[in-house]
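What follows is a set of structures to go through.
After this come two complexes, each holding chain A, first together with chain B and then together with chain C.
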Partner chain A sequence: MDKVMSNKKVIALYVLPALLLILAVVYIPIVLTGYYGLNEWNGIGAMTFIGLDNYQALIKDETFWGSAWHSLLLALFSGVSLILYLMVAMVLASRIKAANLFRKIYLIPMLLSSVAIAQLWLKIYHPTNGILNSLLESFGVANPPAWLAEPSLVLFALFIPILWQYAGFYILIYYAALKNIPASLEEAAKIDGANALQIAWKIKLPLAMEVIKVTVVLAVVGSLKYFDLIYVMTNGGPNGASEVMASYMYSEAFKSYDFGYGSAIGFFLLVICLIATWIIRKLTVTKDTIQYS
Partner chain B sequence: MMSETAGQLQGGMKGSGGGMAGKLGYVLLYTVLIAVAVLQLFPLVWLLFFSLKNNQEVFNLPPLSLPMNPHWENYGKVWSAGNIDVYFINSVWITVAATALTVVLGSLVTFAVTRMKWKGSSIVLGLFMVAMMIPVHSTLIPLFSLFNNAGLIDHPLSLILTYVAFNMPITIMILLGFYYALPREVEEAAIIDGCSVNRMFFRIVFPMTSSVLATTAIINMIYNWNEFIFVNTFISSDAYKTLTVGVQNFIGQYTTDWGAIGATLMISILPILITFLFLSDRIVEGIAAGSVKG
Partner chain C sequence: MFNKKWTMLLLTLCLTLIAAGCGQNGNNGETAANSGTNESGSSKVTINFMHLWPEGVSAGQNKIVNQIIKDFQTENPNISIKQEVLDNEQYKNKLKVLSASNQLPDVGVTWAAGFMQPYVEGKLFTPVDDVLSGELNGKFVSGTTEAYAIDGKTYALPLEFNIAPVYYNKALFEKNNLEVPQTYEQFKTVVKTLSENGIAPIALGNKDRWTGSLWYMYLADRLAGQETLASAISGSASFMDEGLMKAAAEVQTLVDGNAFVKGFNGLSNEEAKSEFLNGKAAMYMMGTWELPNFTTNEDIPQEFRDSVGFFKFPTVDGGKGDINSWVGGPGVGLFVSESSEVKEEAKAFVEYFIVKWGEQSVTGAGVIPATKVDTAALELPQLYIDLFNEMNQASSITLFADVQMQASAAETHLNQIQALFGKASTPEKFSQEHDAAISKGN
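So, the complex of A and B:
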């Protein structure tokens, strides 16, 4: 048995195709992106090694830090919206008859492509014929704004479809976690006279904490690298007001053909995502030890 | 047993005392849930409506008016005139090819990692799992130049390879749980009978995983169908574009024809909606399995 199951040839045959592919498509490129960042390169011609120039320029680049700030704001919004999702999931997990149907309906936007969602919301936000402003006008709002053209509004306007798109996903995860909590705990607490709010706060929340931590990482890191929807809806505009790190990288590389600088941004994005993951894990781990000690 | 008695006790209390308040509470909860459901569905219903209208109706009638004489020709028009048929077929075959490859390669890795005995297995598994944290955007520029050097820019293979690689971690993650739970007796019996590993995997283990394979395949298909940034970056000719980028380009040219835009968007999301109608349980299961275990 052991001999057959440790046949090196078979193992290599089974593992290598996928392993080589992931090395070539994921791992080698992230090393290369760091290296390209050390060069001046238009993507076609010869590379010129310029050391840390791109990275130094990046640190001083206000447009980049502006885009990083917008990404961070999106991450904050996403983090806060988790509270909303968790509340809906708590309602859903409290002996609701059609809970399964509800969570399926909630999930639908998450299954659609970001491009379709972006195009749909472009129409929703359309200044004159969009459903949003039509509704606002019918409620008597005189001059509803052109949502995506206002630098002060555009980020919030972009965040609404993101909230809409991911709601079902997080509600689904939270619902599953809450349903995993043994009903006997809740009932014992009820007998002891705890009300619904106390049960939610003192029993359900701590027991769902593991899952909540995972979702915070997913939401924050997901927002830091958010791209598709913003690229389609505003392409970073108006005037850079909705530029995020990934969209800035994309336009530097594939519009300005500055592959070296674009790579440097891509490498920063990678480092920022990894650091964010690490920080959140660290923060939530300490919380955890306090909780169970 | 315990919970049953407690449940009865609670039910009894409700019947005698807090009935009215309890009912009111439930009405409130359902109101919240229904409101969220309406918010989630409303934009899509509106999309369906304007996909069946012409511009005159879109601009002059109230936005929520039903399309009284539906313009189905919007769909026919964009299907042929907008190249949408070509994009659709590309989306189908690229999605299917990438999904099949991911599921088979992922199964081989998962089998080797969970069932076979070898030294670096946990390191290899770790490499696959860590890949999940890497933002695709950070690989985009190097991938573009690698594919460019390999002559794969504007070639569907560039898409299939990247889809397979980037979906591999989540595929393996969903498969792992199932493989760990598979009984070993079957394999032992097969090997005692003189069955080779290959034969055992393809004839016994692989078919046994069919239900989790279906789940992973559907999740893969949804991701591949919706993928945008790689197509947008690697593919330039219309002959190889998929629906996401095709739709984006098409709409860019016809910004003012609402009916055509609506019909194009509906065509691009309908396959997903129909799949969801029939396989929602599997999709829910797959999304839950692929997210929390990380």
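So, the complex of A and C:
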């Protein structure tokens, strides 16, 4: 076994197919996107090389920075909501009754397709027939807002289904991480007189830290490039109030037929995601990883 | 454990998988591929025809298309037509992808003006003026083929033609003692009365934006006149025109008067339509493509269908518009690919298709064709007949602004429409943005 695995040819044999595929479908398109961003191109005719004009325009583009701000807000909200998910997971992992059932309930939204979730929430938010406004009216709110039509509300109205959609995913990851912590540690702490809060703070949290770091990256990067619910529910509207970077990229490329500019946005989005990942890794770096001893 | 045999086997397996993955041809359409060219060895040709009427979604159109193709093949035994059917959005995407690799079908469906401009500039469509001046000469409703002309050449021939009237719910009007408005003042009274009686006056799904554009277009037409609007859109005049600014301001007055359903900027056209179909909103401005829903569609209660009428957008006192001026335009049309190897046959097919489509589309699918229709010869619901009569009297037809403009200007127009309705833009800003976007495109 060792002999085979140290043979360079064999290594190449195992690595190459995947490497070629990833080159073809990920890295080459990324390079091409960067290159398209240097051109003026409507997606159909000939490309004209215009150097960095698209990127220059992008830096001055208020709509883009507005959408970047919205993406950032989403990233912030998803990041903060991770704390909530972690708490839920801790409760679930502490052997309460019906933990299994709850875990499944939380996971259901993740099993639905985004479009189905969007349709569901569109119905909930419907200004006159929606459940939300009907409820509010029955509680005596005279004129409940039209959630998806109000520029000041729409973004937050969209955050709720987005967070709801992924809650189960993170809860499941945390649940698995917490279940992995040996029960003996907890028991030992209990014998030493630690209360539940101390156990959570001093034992469970540090031991789940590696997983938490990964989820922070997942949540932030996932939010920065988020697209689907927003596209279906508001299409970035009204008046760009819910435009995020990915939806702006889509509308520039596919609706305004400006593939050059759209590619520039896409490339920028990639750079922003890389920077965000790098910053998170820097911030969460710990000197030594804690082991279950 | 891992001897040579195993590694070889694995390697082969990997390669087969990759080869299978890459080798799959994107063409999953018809199985009868190139049966035409190889079969008899004679001069049999195949025309590839890509369209957007799948059986499930557009049953009526699909049936007509199949019938026309069958007849055409019987009459021209040396030509076989190979269909590829996709639904609307997929169709648009595939067309774009195919054109990037210059593999357009011989005959396909396109939209007018702004949509087809990049295709024409990329020299992907062939001019069809020879077809137009042949047997089809004079058969089209005036103003329809012009939308497919760029720099004096026509690049596609229209199949559909739509105008946008204001549909209204007769029962709701009667219940509130309202008459069909003839002037804009009366229209505003209607809106006010309905709003006071707790009925949403107008169903509008402005998430889709082009829906709100219709209202602006009519106000602009009635206030500033058709010519002013048309030249502003084409870029030869400014949107800062007094009448056009007034039209934009009037939109906001309507919004202030609660003329549109609550939350219209967050509703899609479909959602707004259901408000109208449920009798919750009294008026709905939409293209004539909705006519089947108000006449023949069995899924909608007979009682409701009977109570739908339409009226022309009223004239405004002191405005320059004419009540017989419409906003509308051709829907889809047929193009012939420049790179097609069977251009002559393809053109013959297009010509045949247009003629037959004109004869069958109204009764078969409720679609109003771009060719003139002899209403006397057809058995049609009254609503159709009334609208056909209005069309014949039309003094002018202004093409939907977002279709007319180039893609990027159209996006600005649509975004500004939503902003105007949502009061995030002012009439001044609205006009400035339009002028800037249109001059940039030209």
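We take it that the second predicted complex is superposed on the first by the 263 of 293 C-alpha atoms of A that agree within 3 Å, B and C clash if a C-alpha of one lies under 4 Å from a C-alpha of the other, contacts with A are read in each partner's own complex, and residues count from 1 in each chain.
The rule we apply is simple: contacts are C-beta pairs under 8 Å (C-beta built on N, C-alpha and C of every residue); 3 or more make two chains touch, one makes a residue touch a chain.
Fair warning: this is a prediction, and the values are worked out from it, not measured in the lab.
Student: Looking at the combined model built on chain A, do chain B and chain C fit side by side or clash?
Tutor: clash
Student: Applying the touch criterion given at the start, work out whether A:Gly237 contacts chain B, chain C, both or neither, answering first, second, both or neither.
Tutor: Touch partner of A:Gly237: chain C, not chain B.
Student: Given the touch rule stated above, what does A:Pro17 touch, chain B (first), chain C (second), both, or neither?
Tutor: Once the two structures are laid over each other on A, A:Pro17 reaches both partners.
Student: Between chain B (first) and chain C (second), which does A:Ala116 come into contact with in this model arrangement: first, second, both, or neither?
Tutor: Touch partner of A:Ala116: chain B, not chain C.
Student: Does chain B (first) or chain C (second) touch A:Ser256, or do both, or does neither?
Tutor: second
Student: Have a look at where A:Val4 lands relative to chain B and chain C in the superposition and call it first, second, both or neither.
Tutor: Touch status of A:Val4: both partners.
Student: Check the contacts made with chain A and report whether chain B or chain C touches more of its residues.
Tutor: Result: the larger residue contact count on chain A belongs to B.
Student: Between chain B and chain C, whom does A:Gly43 touch in the aligned arrangement: first, second, both, or neither?
Tutor: Once the two structures are laid over each other on A, A:Gly43 reaches both partners.
Student: Would you check which partner chain A:Tyr125 touches, where first means chain B only, second means chain C only, and both and neither mean what they say?
Tutor: So A:Tyr125 only meets chain C here.
Student: Considering only the touch criterion stated at the top, classify A:Val220 as touching first (chain B), second (chain C), both, or neither.
Tutor: The answer is neither, since A:Val220 touches no partner chain.
Student: Going by the contact definition given at the top, which residues of chain A touch chain B in one complex and chain C in the other?
Tutor: 1, 4, 10, 13, 17, 21, 43
Student: Which chain A residues qualify as touching chain B in the complex?
Tutor: 1-2, 4-8, 10-11, 13-15, 17-19, 21-30, 32-33, 36, 43, 88, 91-92, 94, 96, 102-116, 119-121, 123-124, 129, 131, 134-135, 138, 164, 167-169, 172-173, 176-177, 182-184, 187-188, 190-191, 211, 214, 217-218, 221, 224-225, 227-228, 231-232, 246, 249-250, 253-254, 259, 262-263, 266-267, 269-270, 273-274, 277
Student: Touching chain C in the complex: which residues of chain A?
Tutor: Against chain C, the touching part of chain A is residues 1, 4, 10, 13, 17, 20-21, 42-46, 122, 125-128, 146-151, 154, 234-235, 237-240, 251, 255-258.
Student: Quick one: which bits of chain B touch chain A in the complex? Just the residue numbers, please.
Tutor: 2-3, 6-7, 9-10, 29-30, 32-33, 36-37, 39-41, 43-44, 46-47, 50, 58-59, 62-64, 105-106, 108-109, 111-113, 115-118, 124, 127-128, 131, 133-146, 161-162, 164-166, 168-169, 187-188, 191-192, 196-198, 201, 222, 225-229, 233, 243-245, 247-248, 251, 258, 261-262, 265, 268-269, 272-273, 276, 280, 283-284, 287-288, 291-292, 294
Student: Could you list, by residue number, the parts of chain C that touch chain A in their complex?
Tutor: 1-2, 7, 10-11, 14-15, 18, 96, 99-100, 118-119, 121-122, 124, 200, 206-207, 209, 261-267, 271, 275, 280, 407-408, 410-411, 415, 418-419, 422, 424-425
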